[in-house]
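Structure, as structure tokens:
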Amino acid sequence: MDFGYPVLTVLIAFPMVAACGLFFLRAPQVVRMYTFAVSILELLLAIPLMNFQLNAEFQFVEQIDWVHQWGLQYYLGVDGISLLMVLLTIAILPLCVMCSWTYIGKRVKEFHFCLLFMTSSVLGVFCSLDLVLFYVFWEAMLIPMYLLIAVWGGDDRKYASLKFFLYTLAGSTLLLAAIVAFRITGGTFAIPDLMQMNFSFRFQFWAFLAMALAFAIKVPMFPFHTWLPAAHVQAPSAGSVILAAVLLKMGTYGFLRFCLPLTPAASAYFAPMMIAISLVSIIYGGAIALGQSDIKKLIAYSSVGHMGFVTLGIFLFNMRGVEGALFQMLNHGIVTGALFMMIGAVYERSHSREISDNMGLGKYMPAFMFFWGLMALSSLGFPGTNGFVGEILVFVGAFQENTWIGFLCVPGALLAAAYMFRVSLKMAWGKPTTASKWRDLNAREWVYLALPAVFVFWIGLAPTPFFNIVDPSINKLLNDFDKRKVAHLEAEQPMQTAANDILSVLADKK
Amino acid sequence: MVFSWLHFAMILFLLAGLLFACGPLILAALFAPKARGGDIGMPYECGMVPYGSSWARWGVSYYVYALIFLAFDVDVLYLFPVSTAYTDAAGWIPFVKVFIFLSFLILSVVYFWAKGVFTWPRRIQ
Amino acid sequence: MSHITLIVPELYFLLLVVALMIQSCGTREWKPDVEKWLPFGAGLGFFVSIVAYGSQGYLFWDVYKVDMMSQFFKIVIAFGFYVVVLNASRKKTISDEKRTDYYMLLGFSTFGLMLLASCVELITIYLALELASYSMYAIIPLRAKSKGAAEAGVKYILFGAVATALALYGLSYIMASQHTTYIAELAGKNWHFADNPMAVAGLCLFLGGMFFKLALFPFHFWCPDVYQGASNETAAFVATMPKMGAIVVLVRMATFLKPGLEVTTLLAVLGACSMTFGNLSALVQTDLKRLLGFSSVAHAGYIMVGLVSGTPEGLAAAAFYALAYLVMNLLVFWIISRVAVDGRNLKLHDLNGLYKKAPVLAFSLAAGAFALVGLPPTMGFMGKFFLITSAWGHGYNWLVIVLVLNSALAIYYYLGLFRHAFTEDTASDSSPVPDNGWFASAGAGMLAAAVLLAGIIPAPLFNFAVAAGKSLFGIVAVGGGH
Amino acid sequence: MNAFLQHLIPLVIGAIGAMVWLGLNALVLVYCERKFAGHIQRRPGPFEVGPHGILQPLIDGLKLMGKQLLTPDNSDAILFWMAPILSMIPVLLLFMPIPYGPSVIGMKVNLGLLLILAFSSFNGLAVILAGWASNNKWGVLGAARAVAQTVAYEIPLLLVVLTISFMTGTLDLSEITAQQSGHIGNWFIWKQPLAFIIFIVAMFGETNRAPFDLAEAESELTAGFHTEYSSMGFGLFFMAEYGYMVVISSVCAVLFLGGFHGPIPGIDGWWWMLLKTYALLSFMIWVRWTYPRVRFDQLLNINWKWLLPLATANLLATALLIKL
Amino acid sequence: MSALTLYQIVALILLCAGLFGLTQRRSLVGMLICVELMLNGAGLSMVAAAQLTEFNAVLGQLGTLFVMGLAAAEATIVLAIVVVVARRFGSARTSDITTLKE
């Protein structure tokens, strides 16, 4: 699999290098063209990834010493789980460029710089196999996202951007502590090596909590979700697209990549809690979405619900559940991304995100409504679309695990149908206000909506290639997990251990 | 060790000094008249009624001289231990060290001189 | 005298100071412009100290030790001086005839700090520290007719004098109970409170003197006031250089701070208080320098994290963080000095719209601010990362947790810098027009590049630091410096 | 117990001797000063009390004792009265380490010079206390001047003293005297002429004597720092001043003029010391009535621009010569 | 009570007097005097510590000598700054010198 050059490094570095080139350009139109070209080139650079072998190994591995004394490595690689995410990220980039072609009017250069920088760091997150490297990319992504919201966002952007930044950073600082703890206990930062180790339950307990907090905020799971609606509503449409399609996935990816393999016993111990929270997220997200009058907010809350399905699937610990979670991640990226792009498109026409200002589009913008309807159906899991594949797998997994969990999911799915139909019906057949003068989709919009639509059908109707990619990795993950999840769980009283730990720290302080 | 005859002698002589100072004072207090009242306790300004406070604002030069002194006095202090050991120390290194030390002292005088500290009257900003 | 080659960097700086002094004594007519040659002189000093990095040995009855650690800090200090001189060379706040004296005092302080980097005996440390401090006391009020500067100066020196007195008092207790003042010998002594209360009390007091320089929690009062009162250029010096001196001493003394000792715990507690207090106070500041003042209190706390572990790695991490701190702060102060072209104190809102007025400065400010937060891929992150990695697992895990929580806390106000510079457009009319010349941009750009580069490729510097840390413990450095 | 007494008795004798010596000197010097002044100004000076007015000082003292001890209003009474006492207390101690004869010495102290220099500084403190506490314009001004001046002249004085001690390697006055034994050529005045001159000049500055008597400066400041003092308060300052004069003359005699050694070997004795001290004192009195007073800035600049660099250079040269 | 303890108690009294004065004094010069008091306490403690234990006595005296020198230098600078303060504020009382606040 040697291509004579480091594939992943080039993938990660290319957007960043190209972003620096932006400084030499002036005219906004040139900047857009340039960035678009860069994103297409990035797609082309991803072609070698087609050579991915369908097994559970990490592939395209690159390993160089970074800070030798400290055991830091520049360690990249992808397996089935991350490959999909990488592809998703790369594919989203040109769509983002296209959907902000006219949407972004000011500081165009900086905007595209942020987009490219963002892509680089997100790719880094999905590719890195060294904990610190992971963390570096994880944090690096914050700054461009912050800027996307804070500079190009809506009226309340200051509050939203700050909230986004503080929430995510607060979560990730503990992640750093956990990373360091892994290094001291396990002796290395390399994730594949750490996956082979058995840590004491006490250690896992705390490490899991620290990591889970960071990931849960990112996902976002129920009590930590409040930054998401604010950020989504205020962000420009490209920002929302990236946020929904890629950033949220980083949280669930974190669960899959770190929590399950590194702290299996703690994951098993906390699974009921996580499942409960996921269920709450699903129902809560759906219920709140149902009451929204702002389309973007509605989709944002629907994201909370969808991501609840993902975390639910992950913490079911069975093949179907995790598969479903992965698919749901992918689907959510495609579908919600597309929905946000469409909201952007309609916002450019109506300058409002209220449902009441965007009604009756079925007559004047049929093409738009077609895509909207398709994505809405996919979002609620209509059979034949990709959403169905993901959701049904999670359902199956849930019923496998416990019937009650399965039953509790059902209202979530129903709620999704309810709010999606509600908004779609109003948008299609409501009493039009000013829609009559609007032009239907132009060519550019056709392109960037058609592409997700293709994937909606592809995954919905023929998901086999995707299964082939992810299955080996998931199998390995679950096997490992099953082997190691019982580490001394019974021997120790977890909550008591935790209490003792806290007390001893307090005693130390005195 | 803690208390030597030198200490004792010093205290003795200081006490003698105290006696020598207080004796005449006490005698004077016994002999002297004790007048009161009038302007007897008025500050002496050659017979005029005092005008204003006795606290005048001095030129800043006074302060500057005081500051230089503070620095110099203690620096010279360092030479005392050196002086007792200088003749016994062999070789040129002691001289070099004394030279360095003293040249810094001279350098500082030159610095003050060049900065116009010794120019009087002067308004230092 | 036979080893005079060991102290070439120190001698060079002494020479520089003497040259400045001669110039400052000269008549007005004769005087060449000091800014024309001094930057080159300072740059050469940096170069000289880099060249001298490999020297090792003892001088002056073993009170003066030239080793890896001292050379590391000498390079750092020389670099700091270079940047400070460059930064100050465009200052407007001091009249022409006082500039040479100003640089002379700066140079003298730097010279003292260089000496401090090598001292391994407590009395000598004290002397070098005072040598470095006095010139600094004198430069703080040097800000044309500013009331605040005078106030800052007097506060700094009075608190400084008290701290010194306490440190000396502690020194006398150490003398009385441990019978030596050499750090190498002290390292072998018993520092348990139960066995030797007087020594521990003395050590705490002595460390207090260092904490004052470092602006650690209970000794931090002066810090925000001095930053705010002193001129921007002076603040750049005060904020960075003396801390290097304090850190090198603490790093040397940390060789006998084994984890579990009362002193070590005290250090950890103070560190925790310092970061929490500094960050909380910084949250509400609007004056930029005052904000940085509180932030440096917090950073002093971070450095404690490296010291408490008592391992070579910990000390190396502290040293590395010191370097990072220096570069980050110099960067931010560079930008402050360039933005405040008339030498005023900047408020946060004075930064509004900086990205438009001076993009390079704005970008560098972003790099600096995020480095101070500890966001990757900057030097600040690497420094913080090394700190917590070194400290984890040595009994002070809670301190590490406090540190990471504080980093999250700190984000808010550092983000404020960034936010004002990048996202706020509404610049008030009174905001200064930043200096956008090639000099300002190049300096900021280079410092920002240093911050980023050292964050992406920290290995060479860090290896040097680790070798230095190991040399303190007598472990032979293997392949250090590369 | 016996050893104890052996130590104690000489000390007590020394203390009493010092008191007597100081008292006598005050009387004699007052008389001398007035007589000298008179003759220099071509008038007889005191002539009424006793033959040639020889009892005049005694009567003056009695008169002072009969005056009221006035404490001015608005003054700080405690500090006001502490000042003259403080000025007097250390004077006796200063005589302790000075060898007036081979056996006429209070106590042999190995750091005698340092002791004298240290305790003589009390005078400055007393002066400033006096000026400050009396809350009088002349007083405050005089005190400020006195302090600026005495402290300034202390430095060249120290440097000169150091020169001698660099040569001798000791700070013990007896030891220094011993090194000048033999004939007149061994006196340090020949080896250190510059130092001697500096010492003499600094001596005037230190004791606030004309032409450097800016602190009192009758014509400008009435009486300077002791303007408000009457009766014995004034008397104490007066006595202390003469005491300091005697001390510094004695020290000068010891350092430069061979102490109690005669010009030729074999005739050493306390009389030589007495002679030298009084020669120096007479010189001081002579200068006072001969030379005009300098201006204050001149006074300080003589010190800082001339005496100090010269003294430093002299010390450096001495150090070099010793090594050669 | 050993001689060392005695000296140290005296030194401690000096130190505490200085600290107490520092908090009580309302003028900068007064504060300076208090600081000097503290420094002298430290010097005394140092010389006693060196003299009365097995520590090298000469070193202790030397250290104290340094303390004295540096105390003088410190006083010089403080006074110089106080002069500056007095010229800029027209007062040397601590209550008047409060321009720096958040």
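A, B, C, D and E are the chain letters, set down in written order, and residue numbers restart from 1 in every chain.
We adopt the following convention: contacts are C-beta pairs under 8 Å (C-beta built on N, C-alpha and C of every residue); 3 or more make two chains touch, one makes a residue touch a chain.
For reference, the UniProt names are A = NADH-quinone oxidoreductase chain 13; B = NADH-quinone oxidoreductase subunit; C = NADH-quinone oxidoreductase subunit N; D = NADH-quinone oxidoreductase subunit H; E = NADH-quinone oxidoreductase subunit K.
Small disclaimer: the values here were computed from a predicted structure and weren't measured.
S.K.: If you take the chains that touch chain A and keep only those that also touch chain E, what is left?
M.R.: The common neighbours are C.
S.K.: Upon omission of chain B, how do the remaining chains partition into touching groups?
M.R.: Once chain B drops out of the picture, we get A, C, E | D.
S.K.: Could you tell me which chain's Cα centre is nearest to the average position of every protein Cα atom shown?
M.R.: Chain C is the most central one.
S.K.: Among the chains in this structure, which pair is joined by the largest number of C-beta pairs in contact?
M.R.: Maximum number of inter-chain contact pairs occurs for B-D.
S.K.: Find the geometric centre of each of chain A and chain B from their Cα atoms only, then give the gap between the two centres in Å, rounded to an integer.
M.R.: About 79 Å, centre to centre.
S.K.: Where the centres are mean C-alpha positions, what is the separation of chain B from chain D, in Å?
M.R.: Centre separation, chain B to chain D: 14 Å.
S.K.: What is the distance in Å between the mean C-alpha positions of chain A and chain D?
M.R.: For chain A versus chain D, the centre distance works out to 93 Å.
S.K.: How big is the gap, in whole Å, between where the Cα atoms of chain B centre and where those of chain C centre?
M.R.: Here chain B and chain C have centroids separated by 39 Å.
S.K.: Counting only residues that touch at least two other chains, what does the list for chain B look like?
M.R.: If we look for residues of chain B contacting two or more partner chains, we find 66, 73, 77.
S.K.: Residues touching two or more other chains, restricted to chain E: which are they?
M.R.: Residues 52, 62, 73, 80.
S.K.: Give me the residue numbers in chain C that touch at least two other chains, ranges are fine.
M.R.: Correct list: empty.
S.K.: Chain pairs that touch, all of them, please.
M.R.: Final set of chain pairs in contact is A-C, B-C, B-D, B-E, C-E.
S.K.: Which stretch or stretches of chain C touch chain B in the complex?
M.R.: Per the touch definition, chain C meets chain B at residues 1, 21, 24-26.
S.K.: Residues of chain B touching chain C in their complex?
M.R.: Residues in contact with chain C: 93, 107, 110-111, 114-115.
S.K.: Would you pull the chain D residues touching chain B in the complex into a rising list?
M.R.: 7, 11-12, 14-16, 18-19, 22-23, 64-74, 81, 84-85, 88-93, 95-96, 106-107, 109, 114-115, 134-141, 144, 147-148, 151-152, 154-155, 158-159, 162, 165-171, 222, 227-228, 231-233, 235-236, 297, 300-301, 304-305, 308-309, 312-313, 315-316, 319-320, 322-323
S.K.: Which residues of chain C touch chain E in their complex?
M.R.: 123, 126-127, 130, 134, 137-138, 141, 145-148, 150-155, 157-158, 161-162, 164-166, 168-169, 171-173, 175-177, 179-181, 224-225, 228-229, 284-287, 290
S.K.: For the complex, give me every residue of chain A touching chain C.
M.R.: Interface residues on the chain A side: 65-70, 110, 132, 135-137, 139-140, 142-143, 146-147, 150-151, 157-158, 161-162, 165-166, 169-170, 173-174, 176-177, 180-181, 183-185, 505, 508-509.
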